[in-house]
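Below is one structure, written out as structure tokens; comments come after it.
Here the chain labels run A, B, C and D in written order, and each chain numbers its own residues starting at 1.
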Amino acid sequence: MLNFPKHLLEGYGRYLGKGFVRYKETHERLAVYGQTPEVMVISCCDSRVAPEGIFSVGPGELFVVRNVANLVPPYEDTEGQHGTSAAIEFAVKGLKVKHIVIMGHGQCGGVKAFRENANAPMVTGQFIGRWIKLLEPAAISMACMPIDKADDPQLAMEYAGIRQSLKNLLTFPFIEEAVQGAALQLHGAWFDVGSAELRVMNPESQRFEKAGPDAPGIAE
Amino acid sequence: MLNFPKHLLEGYGRYLGKGFVRYKETHERLAVYGQTPEVMVISCCDSRVAPEGIFSVGPGELFVVRNVANLVPPYEDTEGQHGTSAAIEFAVKGLKVKHIVIMGHGQCGGVKAFRENANAPMVTGQFIGRWIKLLEPAAISMACMPIDKADDPQLAMEYAGIRQSLKNLLTFPFIEEAVQGAALQLHGAWFDVGSAELRVMNPESQRFEKAGPDAPGIAE
Amino acid sequence: MLNFPKHLLEGYGRYLGKGFVRYKETHERLAVYGQTPEVMVISCCDSRVAPEGIFSVGPGELFVVRNVANLVPPYEDTEGQHGTSAAIEFAVKGLKVKHIVIMGHGQCGGVKAFRENANAPMVTGQFIGRWIKLLEPAAISMACMPIDKADDPQLAMEYAGIRQSLKNLLTFPFIEEAVQGAALQLHGAWFDVGSAELRVMNPESQRFEKAGPDAPGIAE
Amino acid sequence: MLNFPKHLLEGYGRYLGKGFVRYKETHERLAVYGQTPEVMVISCCDSRVAPEGIFSVGPGELFVVRNVANLVPPYEDTEGQHGTSAAIEFAVKGLKVKHIVIMGHGQCGGVKAFRENANAPMVTGQFIGRWIKLLEPAAISMACMPIDKADDPQLAMEYAGIRQSLKNLLTFPFIEEAVQGAALQLHGAWFDVGSAELRVMNPESQRFEKAGPDAPGIAE
């Protein structure tokens, strides 16, 4: 007897009856021609921030990495298995995506663990503790050159983490080259779980601004 | 001027007008009480296989890792940043999820790269090449103890990768303990892009069987 | 008192009375001029597959390595004592052999141990377990690009091991050079213990075909 | 077109017509019940000293390692692939052989290379040079406590190598235990290519004595 979660199979049944009917040709085309997404999103594992839902996209549109706290490690040419870097390489060199979006969110548990860990190292698990060390340079930048108001350090760290991941992306030679050649654009975004407010980082000011179809200054 | 992809912002606009209306209370509850997903899904970055879509779930239901080829590395108590292991630790020790689903899919580019790499090492990128080495034990198991028909080696390797990730999950002491204590169940699933057929691994035979709300033997 | 096995000394007595009489001049010539074998055979330690018997050759014809599972390691320019590589170097650079035959066989205990080990690591002994890890790339190739029918995984792995050893031979610079210059040919062969059937690998299809003096397509 | 050496296939044809006819039942029995050799022989790759010929044995009788200069490395519990140690482990722990014969021979090229190398290091190939370093303790023993007459240093070194390999065998815990328990006996032997004279090491005097079915003191 299969013990697969029943509600997932029921949800799958609903997808067959509705989503798949809508996307049937898309599915068939994607199976025949393969995927050609133009956007890579690096977001958090958090169950509340699935990028496909927030951006209302169907199959084939977003190439998605999800890891704890939507982090990009810096380029590192060593042996070892770098999952996020492998996905980035696949997206940029293989799929030639035109955009990479680092998508953070409010109440991020990974960011929260990092902040608590700074006070009491190793209260977090061993793997989590090591992974979120990737936020250290973000914290240092934030302490040295604060961009955001300091009244919400959790939010400020979420923003700082997004900025750091954008910086780290540029340490990959093939990304730096693609960005220079205007073949690739990098973006920061942040999503509020409670209000569903989306904010996008202004690349010049590095500040996060409310975004939406009607927000001012959005690219046509 | 923000140059954020316009179609994503338009999609976000649609979400605000429809999905968010539907899930408004869920969003607010999730913001106040935090996330309590019961299921973790480890699936591929591939743009065609977003688990939230396939299982028709809303915010708060799935804690999702997405990496190339939906791989779980074996437990390894070394320094270094293990993104997938960190997410697993967060889900099992922090969120106490009740299910982990390894969700593979057809035409997986990561699996394909691994198979091509076996032929001509290093044709794939450096990060991809190293990451998909995680499939090596899967290939060895598959060669030594074939479970699937050999007429589709790509499919057989996709299945073998899922089985290997399930094995690797059990190398984490806290997972082994949770599974022993019946607090956690591990599942394998596979999705066909073209037909949207879902197959679930039978834990006894280790074979993948067509699944759905009406398929026989599904747990009530 | 010598306790040397009596039946071996009796067999030696028979050799003196028969084989040596036949090969006396050969022995003397080989003692005076040294050995000049044209063929190196790398076969298994298995007591059932002595290459001199199968090919009915007398003294001086085959330079023979016998190790568990007839394996050739890849070229590796590190310190350490590589017995098989030393023998290969001796044969190719010293004796200038014209052919190297990798000679596998059915029911190979080393291959069997590797297949069982994939299931339950370390059930085999420590030295055996490490030695047969040399079969790992063979298993990976076999899983990624199956050449043989999967209905006999033991046989398929025996074949895959022979193919891998042939590949590994070409990683030795002096072999690659000799093969390029047509001074050396590499061959795969497989022997069935029960029926004494000999199969030879077709270098183009990489498949093993029944061989013999009357088999089609044998080089004159 | 197969380019397998024609004379080997012709020899195989002779084997089918003669040897296999003689050993047909043996082959079938060995295929059904597996091998159960009572003797392991570690001899040289040299084309002139195939142990099956010298001892007139058929299939299934000798488990044979053949490496350059019939060397046994000392027991070494490190990672790495020790081919000869793996074969010894297979024979003693797996097959439970009752005898191990280290079988040296005259005009051994490996011993000769070691002796030349002592004068002009690295004249020999890199793999050979490292492999025959295993003879160093033999040379030291021989220099410090000469057992044999010094008028033939090549022969004396051949003998010393056999003695050293016998010593090295006893460094394997499972061999030491089997020898203590009288489950296993170790023997040294040496074969002269030109005259086919066989000499066996007297375990007490450590000297090599002419052996044969009629030689005095042979175990009944």
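Odds and ends about this structure:
Please note the rule applied: a residue touches a chain if its C-beta (ideal position, glycine included) is under 8 Å from a C-beta of that chain, and two chains touch if they have at least 3 such contacts.
By chain, UniProt protein names: A, B, C, D = Carbonic anhydrase.
Every value quoted in this text rests on a predicted model; they were computed, and no experiment measured them.
Counting steps between touching chains, the shortest path from chain A (Carbonic anhydrase) to chain C (Carbonic anhydrase) takes 2.
Centroid distances built from C-alpha atoms place A farthest away from chain D (Carbonic anhydrase).
If each chain is reduced to the centroid of its CA atoms, chain B (Carbonic anhydrase) and chain C (Carbonic anhydrase) end up 43 Å from each other. Centre-to-centre separation between chain B (Carbonic anhydrase) and chain D (Carbonic anhydrase), using Cα means, comes to 54 Å.
In this assembly, the C-alpha centroid of chain C (Carbonic anhydrase) lies 17 Å from the C-alpha centroid of chain D (Carbonic anhydrase).
Our note on geometry: chain A (Carbonic anhydrase) versus chain D (Carbonic anhydrase), Cα centroid distance of 63 Å, whole angstroms. Those residues of chain C (Carbonic anhydrase) in touch with two or more other chains do not exist in this structure. In terms of inter-chain touching, the protein chains here are arranged end to end in an open line. Contact annotation for chain pairs lists A-B, B-C, C-D, with touch applied as defined.
Residues of chain B (Carbonic anhydrase) touching chain A (Carbonic anhydrase) in their complex: 1-6, 8-16, 18-20, 24, 27-28, 30-32, 34-35, 37-40, 45-50, 52-68, 71, 73, 77, 79-91, 93-94, 99, 101, 106-107, 109-110, 113, 125-128, 130-134, 185, 187, 189, 192-196, 198, 200, 202-203, 209, 211-215, 217-220. Listing the residues of chain B (Carbonic anhydrase) that touch chain C (Carbonic anhydrase) in their complex gives 114-116, 118-119, 136-146, 149-150, 153, 156-157, 160.
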